[in-house]
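Next come two complexes built around chain A: one with chain B, the other with chain C.
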Partner chain A sequence: MLKFLSKRIVQIVILLFIYVTIVYWLMEAMPGSFTDKYLMNPKITPEIRQNLEKQFGLDKPAFTRYLYYMKNFLKLDLGISFSHFPKKVSSLIFERLPRTVFLFVTATLVSYILGYNLGKRAAWRRGKILDKTATFVGIVFWTIFLPLLAIFNIWLFGVILKILPLNQFINPNVWRGTDLSAQNVFLNLLLNAFIFLVVMMISLIFAQRVKTVAAKRTIVLSSAVVTLTVSIILWTSTGLGIYALDIILHMVLPVLTLTLYSFAGSMLVMRDTMLEVVREDYVVTAKAKGLPDRVVRDKHAARNALLPLITNFVISLGFTLGGGIITETMFSWPGLGRAYLEALNSQDTPLLIGLLVFTGIFVLLAHLIADVLYAFLDPRIRY
Partner chain B sequence: MTERSETIVQESLWKIRLKLWLKEFKRNWALFRERKIAIFGLSVIIFFAVFGIIYPLYPTIMKNVFWKDDIISYETFTPYDPIIGFDPNIFDHPSPPSLVHPLGTDPLGRDVLSMVMYSTPREFVLGITAALITVVIGTIIGASSAYYGGVVDTFFMRLADIVMLFPSLAILMVLSAFIELSLFRLALIIGILAGFGSITIVLKAQALTVKVRPFIEAAKSTGASDAYIILKHIIPNILPLSFLYMMLNVTGAIFTEAVLSFLGLANIRMSWGVIIHMAESSGYLMGSSIGTYWWLWVPAGACITLLCSAFYFLGRGLEEIVNPRLRKR
Partner chain C sequence: MKKFLVLILFVASVVAFSQTVNWAFLEEPISLNIWDYLGPNSTVWTGYIMGPRTAGLYAYGDVRFDYIPNLASDLPEITQEGDLWVYTVPLRNDITWSDGTKFTAEDAAWTLNTVLQLIVDYGLGGNWAGYVDPDYFVKAEVVDDYTLKCYFTAASLAKANFGALMVPILQKKYWAPKIEEALKTGNPLQTIYNYDTSDEPLLGSFLLKKWEKGAFIETYARPDYYDRDQVLTLYKNGAVEITNPNTGEKWVGYGEATGEKEIELTTGPYIENIIYRIYLNRTAAITALINGDVSFIFNSLGLQKGEIDQLKNVANVKLISNSVNGFRYMCFNMRRFPMNLKEFRQAIAALVDREFLTGRVLGGQAFPQYGVVPSGNVFWYNPNVEKIAPGAGMSYGERRQFAIDLLKKAGFRWVVEPKIEGDAIVRKGRGLIGPDGQRVEEVELLAPGPGYDPMRATMALYIERWANEIGIPVKANLVDFNYIVDRIWNEPFNFDMYMLGWSLGYYPDHVSDFFHSKRAGVGDWNAAGYQNPEFDKLADEFLAASNIEEARKLSFKLQEMLAEDLPYLVLFDTPVTEAYRTDQIEFPYEKTLSGLQYVDGVPTLVKALAK
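And now, the complex of A and B:
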């Protein structure tokens, strides 16, 4: 295992360097530069422009700049953004990362839970009405034109039903009276969600120890209810409740859209794996033993079909930037994807490279975790 | 004994092959027909193909029905041209659907149905070209890296790793800054980017299972060259899987084009994505106008979704033929 891990890490480092190099030169090949924007501005004379170029280091040859970039990259410094001038790229990324991660982790979690349950049932009752409708509806949503779904959801929930805000991150009218930073409230919210997840995990582990189904259910349900009530009480008692609610309300539509869009992926994986598992001898044995249908399905078949789903989940978390561009643009959600589009429009090269490199690291780490998880969860796989 | 050999000789080789092929086709068709979803996908694709082909008829019919008395303004304004058309008889564009314009007009006064119809063959060309390029590259690389192994294998697999690292939409957005993404170039780039990516890994895994079969050994011992074995023995055996991936890649290519056009980054004069981009950039997709001006985004969006899902349905149907483990029996 250790040998495998060290080999993988060396591979990842080499891959990362090649990736950074390609990304750098790709950006370098883009025509024009940040300072060209000021060509038509009469207030900025050629001297000022030259000075700007000198300050940004754009007057040096590309190769020298590449060496500088790599040197800084080794020091984990991604440079300074042009369009948000004094801010560092890394601080910009870390400012926006929680928003994207929160959005995507919520959407992915919900869609995987939905996909797992639907896929399990669809495969178990193969060819029946549930299987057919779930596959059909799932594929239509899986291949739907994402902006179309976003527009439709905005129209349905924001315009017709008027229960959810159309877009943006916060509602300025609510926040006018305070000097709170939305980012701080959001980070607290994120921490709250994380604690909730941890509590749920622990309660699930405890639930496995208990024998009867009813006891399991009470443990999971009661822990969920208790955590939720405690956090709601905490939020309202500090007076931050309305602000947190505002952010959550703004999150519902993007999460809904992303969930609808992506649940079919996990559902189809689950269904196909399950169809293979159902033929295994141990499932036939379990049925022959006279176990109830649900126990065979949940404990014997579904648990063994879960493996590809889990690795799929980890890998899909890596692809947040690419998928984020469309959703975040449609809902004006200030996350990484929208930062990418803005950086592209203003030719903010350091931010562009930084975002792509960061995503690359994210994807590589996700793959590594998926590999390790595979070996950890499947006793047949040993590296 | 002699009789039998004579009968074999009498029938020429291609006839036998044709018969075998027909037999195989009939068996697969029977399997395919059981999948209602795949049949649905196929019929949607055929519908769109017909829809695109009859496009030239549409202006002619409309001209003879509604513009008989006003030939001159028809000739000057060409109201059914998808790119430069304009209807002078309607005062405020976009106008809602009417008999003259079954799907209304867009903010520039062009006929929406004519734009949708005009784009259909282009989407087919784009999707199929891109998928074909992907599959040709993926199949050849997958087969040869499985067959040769060693350096070739390592090189292409690491290349696939790197290509998979790039978020394809983000890279296409960067490329759009210095390459004019016309329809054909876009298809080429999407095809190449996807071709070196994950598809090679999947096809290589399939080719590895073919490589260890006895007939490869037999071909080698009769002195077949490497290229011959790859082309005649390995590739035909992984071709069904490649075909399946081609169907799934058509979906991806059409989707990518639509998103790029929607963001206004591709240099394509007319496509379904461009129609929605038009509606969005002129401010008809905000707040309550979304519902009021539905004909600006529903037809094009529905077409993208329908065609994409049709190819995906077809791919799913084929998957059960290609992958026997998924079959019912």
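And now, the complex of A and C:
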């Protein structure tokens, strides 16, 4: 395993350097440059423009700039943004990261949970009404034009029913009276989610050690309830609850839209794998033993069918850090996806390269984690 | 739980009782550090916030954009001392910074001298250098607390009145130690741009309350704003009167303050807070306006046709339309044949029926422009240029015949000569031959593609068709905006004709920037390569003019000269349409060049209506 890991890490590092180089030269190949925007201002003479180019380092040849970039990259410095000059690219990424992570990880989780549950049920009742309905609805949403779905949801839930906030990630009327920054609340929400995840994992490990199903269920459920209750008490007592609630309320529409749009992917993966698994001998044996349908489906079939879905999920988590241009734009949720668009429009190459490199690193890491998970989840796989 | 309820009550009461207006932004401002804003990071969105925060010695008045004293108490007095021209500026003594400190000549002199030093020694760029031109501005000196002397190498409205004397004034007490500290660092400009200025004392009417990144910016009105209750009266005879009953300040200019009044405006602010809500797409902002979440949308490009149709029938939403201070144009590369021939350019101009294109083809979504000063800039616009335009008032057939005649007059001939009868082209022209017998090869017209600007793309295709009809081998090449920019300024001047656009300032010194022969170098603004000694002489006189009436006359002459010589064929622009909620706010006026967003939504004059 260790040999495999070290080999994979070396591969990832090499791949990363090739990736950064390709990304860098692709950006360089774009026509025009950031300073072209000054060409639209008659008050900025060529001398002033040259001065600005010098400040941005654009007076040096492209290859020299590439060498500088790689040197800084090795020092984990992604450079200085042009459009937010002289802010560091890394500080811009970390400013937007919590918003993107919170929204897209939640949406991915919800989408996969829904996809898993519908997929296993659809396969178990193949050809029945549930299978047909879930597949049809899933495919319809999967093929729909995302901005249209977003506009429809905004119009339905925000304008007509008026039950959800229309846009943005917070309501200014709630936040204007406080010195608190939304960034802090996002970080606290992420911390809370992380703690919840850790507690749930520990409780699952404990649940494995008890024998009865009822006891297992009690441990898992009580852990969830206790953690959630403690979280709510803490949020309320610190006075931050209203702000967290405001963010969560604003998150409902984008999460709903993303879930509707993407659950079919995970559902179909789960359904197809389940259809293979249910034909296996051990599933037939389990049925023959007289085990209840639900136990055969959930414990014997679904668990084995889960493997491709989990690897799929881990890899897509890597991509979630890139955010989503359409979702963030439609819901005025300025995260990393929106930063891509802004950097591209303004030809802010350091920011654009920084964002691509940042996402690339996490996608490569996600692949590594998926490889490792394979070995853990499937005892048949050995590296 | 108790805390939670108290908080909800507090939030509800804040929302219900304060005079707060909500405005929609489509992008987030970048930095509220003025050095950064007027340096490398100038965006219109930052400008909308910075406008009400800053003040200069002189400013443009509302509605007519008269040049009026702001921190100054009167217009500058100009004298000559040796080789230098001295602008003596009397300052108001009733002005305070937001921290309560008195504004004095020390602040103004320090700002001007520091900007000059940073430009000369450290390359401070962007709009700072547009304000303070080191070739003209020499130094500023304090005479006494309320008198300032500014020294220039030449008298110039452009470089003095509309340049250095309009620069935003910064507080010396706050900034001097910071700049000193920055100059000791390895990269002074970056250090200056990076300063957090949230505690900066300001002269403007609105101060920052909260900036929630990515969501909103809230500003609040200064309770001690020195111009509160000031009355600005514009008379129809052109006179301007400013009076302040609180401080006794009074100024009258541009004639006698008598006769019929055009408008009378009393300065507030009448609102306590402005919340600039950031929406990242137009649909969201429009939905917010319809829903009543915001009262006005800032959008420098204006509303599009579909959006106008959507808002037309919404209750309590009013649409307003204004002309803009800019134009879209076609430029001829006068370094190349046949664009170097005046008759050739005039022939192309004669073919282009602006009225037909804007009214019929573009469905009234654009309006024709004729001169290099936009018609909306009423004071500086010379209406004669409309009559000078080749083909003005002619029919379809007459335009073509006129273009053919112009070409013939210059010595052009054809392998197959075009023939016009009435409005019909009986025979299309083919094989255009220049006066020297040289065959005219394909003439490329670079224009932005339909994705970037469908109007310019459409116009380019029409111009191609009309030119081809009489045998001029124009080929419209619809390409990426950056590609055009590269071909013009970076390659450089590797083009025949191109189509782009300009947004302009009120004072039309761009006429000199765009067409003076000294600006025809690589990367500079005279991309057409226009060389006309007579024009240069007049342009120099215009820049050196110290009297507005004299400058206006010179500007008119320059516009006529350009309308005749046609280095640019000015084509059209689009009006800017804006929308606001009449049940939430009331603007003191609606007609203003480039729309209400161009005057930052007039924050000191807008009123919130009781719900």
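As a convention for this text, the second predicted complex is superposed on the first by the 377 of 383 C-alpha atoms of A that agree within 3 Å, B and C clash if a C-alpha of one lies under 4 Å from a C-alpha of the other, contacts with A are read in each partner's own complex, and residues count from 1 in each chain.
Quick note on the criterion: a residue touches a chain if its C-beta (ideal position, glycine included) is under 8 Å from a C-beta of that chain, and two chains touch if they have at least 3 such contacts.
Treat the numbers as computed from the prediction; the structure is a model and nothing was measured.
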Using the superposition on chain A described above, determine whether A:Thr329 touches chain B (first), chain C (second), both, or neither.
both
If we overlay the two complexes on their shared chain A, which of chain B and chain C does A:Val159 touch? Say first, second, both or neither.
both
Using the touch definition from the top, say if A:Pro31 reaches chain B (first), chain C (second), both or neither.
both
For A:Pro61, is the partner it touches chain B (first), chain C (second), both, or none of the two (neither)?
neither
Spot which of chain B and chain C makes contact with more residues of chain A, would you?
C
Have a look at where A:Ile242 lands relative to chain B and chain C in the superposition and call it first, second, both or neither.
second
Scan A:Phe85 for contacts with chain B and chain C and give back first, second, both or neither.
second
With both complexes overlaid on chain A, does A:Ile151 touch chain B (first), chain C (second), both or neither?
both
Have a look at where A:Arg338 lands relative to chain B and chain C in the superposition and call it first, second, both or neither.
second
Which superposed partner A:Ser181 touches (first chain B, second chain C, both, neither)
second
Intersection of chain A interface sets (partners chain B, chain C)
30-31, 151, 154-155, 158-159, 166, 329
Interface with chain A, chain B side, in the complex: residues 36-37, 158, 161-162, 164-171, 173-175, 177-178, 251, 255, 258-259, 262-263, 276, 280, 285, 287-288, 290-291, 297, 301-302, 304-305, 308-309, 311-313, 316, 325-326, 328
In the complex, go through chain A and note every residue touching chain B.
15, 18-19, 22, 26-27, 29-31, 126-127, 132, 135-136, 139-140, 142-148, 151, 154-155, 158-160, 166, 272, 275-276, 319, 321-322, 325-326, 329, 340-341, 344, 352, 356, 359-360, 363-364
Report the residues of chain A in contact with chain C in the complex, numbered from low to high.
30-32, 36, 38-46, 48-49, 51-52, 54-56, 82-87, 95-96, 99, 151, 154-155, 158-159, 166-170, 172-177, 179, 181-183, 236-237, 239, 241-242, 328-334, 338, 342, 347
Which positions of chain C touch chain A when the two form their complex?
1, 3-4, 7-8, 10-11, 14-15, 22, 27-28, 30-31, 36, 40-42, 123, 125-127, 129-130, 189-190, 193-194, 209-210, 212-216, 218, 273, 275, 277-281, 283-284, 287-288, 290-291, 293, 480-483, 485-486, 489, 502-505, 510, 513-514, 521-525
